[in-house]
Amino acid sequence: MPFINVNITKGATNEQKAELIEGITDLMVKILDKNPFSTHVIINEVETENWGIAGRSVKKLREEGKTANISKK
Amino acid sequence: MPFINVNITKGATNEQKAELIEGITDLMVKILDKNPFSTHVIINEVETENWGIAGRSVKKLREEGKTANISKK
Amino acid sequence: MPFINVNITKGATNEQKAELIEGITDLMVKILDKNPFSTHVIINEVETENWGIAGRSVKKLREEGKTANISKK
Amino acid sequence: MPFINVNITKGATNEQKAELIEGITDLMVKILDKNPFSTHVIINEVETENWGIAGRSVKKLREEGKTANISKK
Amino acid sequence: MPFINVNITKGATNEQKAELIEGITDLMVKILDKNPFSTHVIINEVETENWGIAGRSVKKLREEGKTANISKK
Amino acid sequence: MPFINVNITKGATNEQKAELIEGITDLMVKILDKNPFSTHVIINEVETENWGIAGRSVKKLREEGKTANISKK
């Protein structure tokens, strides 16, 4: 049943994506006792010029040395 | 008004996608009496390594001969 | 596999929603040969003041006698 | 940066939802080294008559004793 | 054509939501020369315990006096 | 907090996308007093054969000289 949509900027490796799919599915099973066979995870990879934070694209922020972590405590 | 977002793995032909758009729009008109001219259908095609079921990517499942139909009765 | 998200304004009956779920699933099976048991349809019902067309909420448009079919040919 | 949208049927407790938010955020930090302060998780709770699997609503399936786990191995 | 989905926590007034719908539609017309009559804006209002930032729900953060602006410069 | 998902057909320039990100963020700050640093805008660019209006793909409509503005008043 659960359907999880993960939006991230492009750049993750296939190994990292596989880890995300496995980890999120495990959480659904452990926390909500969901059936893994009907648990769907979709990873949506977004170009950095198509993701804006604080009114600027991540691409611009990174070109200026500001990672998207601009809001890191 | 209706906005329908269809998420499928990559691989459908343009003819199949045209059939989906037409079929779904017809359903909205027939069942809900919606105006076809304000009925929007978007097809989101997902890479098989970006779609996970049962903690594994569809790509891996297919490489092992298990289609996404692993949950087929 | 397919995951279909249907956004409509509030007002559909349970029978209509059941017909939509059945009809959309049948399309996936007929057109894309998908497994009905891994075909998910979610209906997202939106309040009329939370859906805008032409810069106005559907609620306002309907109050002025303009249905969302304002763009009906 | 990451934005994760979790679609589940209604019924999770606030504690379970808090665990999901925490667990998913931890995965983003551990696997992708993301900044937790710009990691957003939204939980979308869907009525059981608005979620369809195999052409039937989860509400109907459950009334017939078939949980959404109908595809459980 | 454009379909804009605005996810915010619950709490906006109808006037604010009307302003958002109008403002976003105007941007589409001004910047992309889109037809306002086929520009759809949906506002998705999320309960504060269903929106997580930095692993905690906005509800918890606000109870501790930390608004979601925890990442404000 | 706000997360805005802008769905448009492919074709916008990077400058137009930057204007959209900036304009939408400004609206969130001005109308809802949101923190720009936790305001995320994602632009989802859709192929014209994957976007249907009135049961036809935008690609087909444009090939027949009908722009997506078929519903223009």
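We call the chains A, B, C, D, E and F, going by the order they appear; numbering starts again at 1 in every chain.
The rule is short, and it goes like this: a residue touches a chain if its C-beta (ideal position, glycine included) is under 8 Å from a C-beta of that chain, and two chains touch if they have at least 3 such contacts.
For each chain, UniProt lists the protein as follows: A, B, C, D, E, F = Tautomerase.
This is a predicted model, so every value here is computed, not measured.
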Inset, instruction - Hop across touching chains from chain B and tell me the fewest hops that reach chain E. - result: 1
Inset, instruction - Could you tell me the least number of steps, going only between chains that touch, from chain B to chain F? - result: 1
Inset, instruction - Name whichever of C-E and A-D has more C-beta pairs touching across its two chains. - result: A-D
Inset, instruction - Using mean Cα positions as chain centres, tell me which chain lies farthest from chain A. - result: C
Inset, instruction - Return the distance between the CA-based centres of chain D and chain E, expressed in whole Å. - result: 21
Legend entry - Euclidean distance of C-alpha centroids - chain A vs chain C, Å: 27
Legend entry - Residue list for chain C, restricted to those that touch at least two other chains: 1, 3, 7, 24, 37-38, 40, 42, 51, 53, 70-73
Inset, instruction - Report the residues of chain F in contact with chain D in the complex, numbered from low to high. - result: 1, 3, 37-38, 40, 42
Legend entry - For the chain A and chain D complex, residues of the former touching the latter: 1-9, 12, 16, 19-20, 23-24, 27, 31-32, 34-35, 37-38, 51, 53, 58, 67-73
Inset, instruction - Please name which positions on chain E make contact with chain C in the complex. - result: 14, 17-18, 21-22, 24-26, 36-45
Legend entry - chain D to chain C touching residues, read off their complex: 7, 46, 49-57, 60, 70-71
